[in-house]
Amino acid sequence: MARAWKWVTGALMTASILLAFTYSPVATRPRFEGGQTTMVPWPEFRIFFFHVPSAWIATLGFLVAMIWSIRYLKTRDPKQDDVALASSELGFVFCAVALASGMIWARREWGAFWNWDPRQNTVLILLLIYGGYFTLRSAIADEDKRRRIVAVYSIFAFVTVPFLVFVVPRVMETLHPSPIIKTDQQSGVMNAKMRQVFYLFLLSYTALYVWILNIRVRVERLSRANVVDLQAQEVA
Amino acid sequence: MAILAKDIRSEVRTRAALNAIVLFSVVTLAVVSYATGSFGLSPEVHASLIWIIVFFAAMAGLSRTFVVEAERGTEVALKLTASGTQVFLGKFLFNLVLLGLLDLVLIPLFQILLPIREANWGLLGIGLGLGSLALAASTTLVAAIVAQAGVKGALFTVLSFPILIPVLVAGVSSTRKAMDLAPWADAVTEIQLLVSYAGIMLTLSFFLFDSVWRD
Amino acid sequence: MVAIHVEKLSKAFSNRSVLRGVSITIQGGERLVVRGPNGSGKSTFLRILAGLLTPSGGTVRLSTPDGNSGSRDWQRRWTGYLSPDLTLYEEFSALENLEFFARARGLGRNRDRDQGLLGTLGLGDRLHDPLSTLSTGLRQRAKLAFALQGEPRILLLDEPGSNLDQTGRELIARTVRDYADRGSAVVIATNDPLELELGTRTLDLA
C-alpha cells in the first residue's frame, strides 16, 4: 500500500471536517408557529455527516468480513482470515461510533437516547453480531478450527442483515407506529452543497477504513510470522 | 432419518432436553401469571410473553442435540458413519419436534394461567408454527458451532439472539394481530418473512454445515 | 485390491507440527503397525486415514478394489475405526448401537447379522443391556463390533488391546489376521509388544 495513502486519508478527513463547518451551509428546517412556517437554523444536523457514513462503513466492514470468510473457507489460507478479523474489528468500532452519534442525535432531537427506532435497532443488532463473532473467536483454542468456525458464523450472520435493514422495519412499523421522523426525510433537507460535503465524508471514511484495515492486517500477519520464527528457533 | 429416530429414542429414555424446555417454560409462565395477577393483558404484552418464553426455552434446550454428542464423545462415531446431510437434517428435525411439542404444551397452559380470551386461532397457530420452524432452522447450525467451541456457557444464546431477531419480531407481530382478531391478510408480511427466513436459513445452514462438522 | 496412498502427509495444530511429510502406500492384505512415542502422531495419522481430520499438507487417497478412487461415502461404508476416543451411545444397548450405525452407514436392518457379530465377540449374553452397565472390557468389544460392522476393507485400530483380557487380545489378533487374509488393509497404532508382532510392516513415527 502506497505510503501516500495515509496522507490522502488525512487530507480527505481534514477537508471534510473543515468544509462541514465552513462550506456547507447550516441546515434549516421548518418550524410551525402560530399559523406561520419559518425556516430556522438547525446546526445539530451536522452530526449527520459523521453518523451516517459510520453506519455505512459498519455495514461495509461486515460485508468485507463475510466475503473474506468465504474466501477462507475455500482456500484455508490464514491470510484471508486476517482480513476478515481486521474488517470485523473495524466494523465493530464504526458501529459503536454510529450508535453513539445516533444516540446523541436522538437525545437532542427527540429527548431520549433510545427510541426503539428501527434504524437504531439495526445498528444495535449489528453490534451484537460483531460481539458474537469476537466471543466465538475467543472460545475456540485451536487456530485452524477457530478460523474455520468463525468464518462460517460470519457468513451465516450476514444473511440477517438484508432482513434487518429492509424487512424488519416494515413489520415493526405496524408494531410500534412511531412519530419519529425517519432519516430519509433528513436527506431531503440537504441542498447541493451539503450533499457534496456528505459524499466527501463518505469518501473520507472509506479511505480511513481502508488505511486502518491495511495496517491491522499487516500487524496480524507479522505477529503470526514471529510466532512461527520463534518456534523454528526453539527447535533448532 | 435414522438420526432423528435415534435422538427421539434417546430423548424418550433420558428426557433431558424435554425436561429443560418444558420445565423452564412452565416455571416462567407460572411466575409471569403470578406477577401479573388479575390485571388484563394487552395483546402486545400477551404476544410478547409467549415469544419470550418460547425463545428462552429454545435457548435452554436446542443446543443440546449437538453439544451432547461432542461432550460425550459420540461425535466420532457419527462422523465415521453418517453423512453431513444426514446429521444436519436429523438434528434439525429433532429440534423442530422439540419446539413443536413445546408449542403444544404451551398453548393449553397459557389458557389456564394467562388466558387468551379471543383470537384468530388459525393465525395464532400458523404464526407460532412458522416461527418455531424459522427458530429451528436458524439455530441448528449455531448449535453445531457452539458444540465445537470450548467454553460453552451462554454462547448459544449470545450467538443466536441477533440471528433470531427477525423471527421474534415477525412472530410477536403476527401473534399480536391474531389476538387483535385481525384477518389473515393483515399478517401477510409477517408470514412471508417467517417462511422466507426459514427457507434461507435452512439452505445456507445446509451448505455451511460440512465446514463446521468436518475437522 | 484396496489401497491407501499417503503422500507427504503433514498435520499441525496451532503451529505445533505433529506429522511431517509422511509418505506410504498401504495395500490390502498388509498389516501395518504404526509405532512411536506418545505424541508422535500415531493417533493423528489414523484419524486422518479414517477421514476424521483433514491434513495440513499432503494427500491421502483411497483406491477401491475395482481401482476407482474412494469417495467419502465409500470411505464411510468400508472403513472400520477403533480408538480410545471412540465412544458409543451409553444409554443404548450394544445391539441398538449397531442397528443405528448400520442404518447410518446404509447397511439396512439385519438383526441376525448384528447379533451374530456381537456373539463372536463375546457379547452374546449382554446384547440388550445398556452399554453403561457393561465393564470397560466389554465396552471395548462393543467398539470392536462397531469397527467390524459391514466387514470393512480398511481396518484402523488405535490401541485395540486396551482394557481387554487375554481372550480379548487373542480375539484382536485373530481378527487382524483374518481381515488381512481376506484382502483388507489393516493399520494398527500401538506400543504394545504383542500387538507390534502382528504387523507385516512397520511405520515408525518417532
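Descriptive notes on the structure:
Order as written gives the chain letters A, B and C; numbering starts at 1 within each chain.
The criterion applied here is as follows: a residue touches a chain if its C-beta (ideal position, glycine included) is under 8 Å from a C-beta of that chain, and two chains touch if they have at least 3 such contacts.
Remember, it's a predicted structure, so these values are computed and weren't measured experimentally.
Chain contacts in this assembly form a complete graph, since each chain touches every other chain.
Annotation: B-C is the more contact-rich of the chain pairs A-C and B-C, by number of C-beta pairs in contact. Taking each chain's centre as the mean of its CA atoms, A is the chain most distant from subunit C.
Relative to the whole-protein C-alpha centroid, the nearest chain centroid is that of B. Between the CA-based centres of subunit A and subunit B the separation comes to 31 Å, rounded to the whole angstrom.
In whole angstrom, the spacing between the mean C-alpha positions of subunit A and subunit C is 51.
Once the centre of each chain is set as its mean CA position, subunit B and subunit C turn out to be 38 Å apart.
Under the contact definition stated at the top, the residues of subunit B that touch 2 or more other chains are 215. Across the assembly, subunit A contributes 141 as residues in contact with two or more other chains. Of all residues in subunit C, only 13-16, 56 touch subunit A in the complex they form.
Considering their complex, residues 141-144, 227-228, 231 of subunit A touch subunit C.
Of all residues in subunit A, only 73, 121, 125, 128-129, 131-132, 135-136, 139-141, 145, 148-149, 151-153, 155-157, 159-160, 163-164, 167-168, 170-172, 174-175 touch subunit B in the complex they form.
Listing the residues of subunit C that touch subunit B in their complex gives 50-54, 72-73, 76, 79, 81, 83, 85-92, 96, 100-101, 103-105, 146. Here subunit B touches subunit C in the complex through residues 2-3, 6, 9-10, 13-14, 72-74, 76-83, 86, 214-215, going by the rule given at the top.
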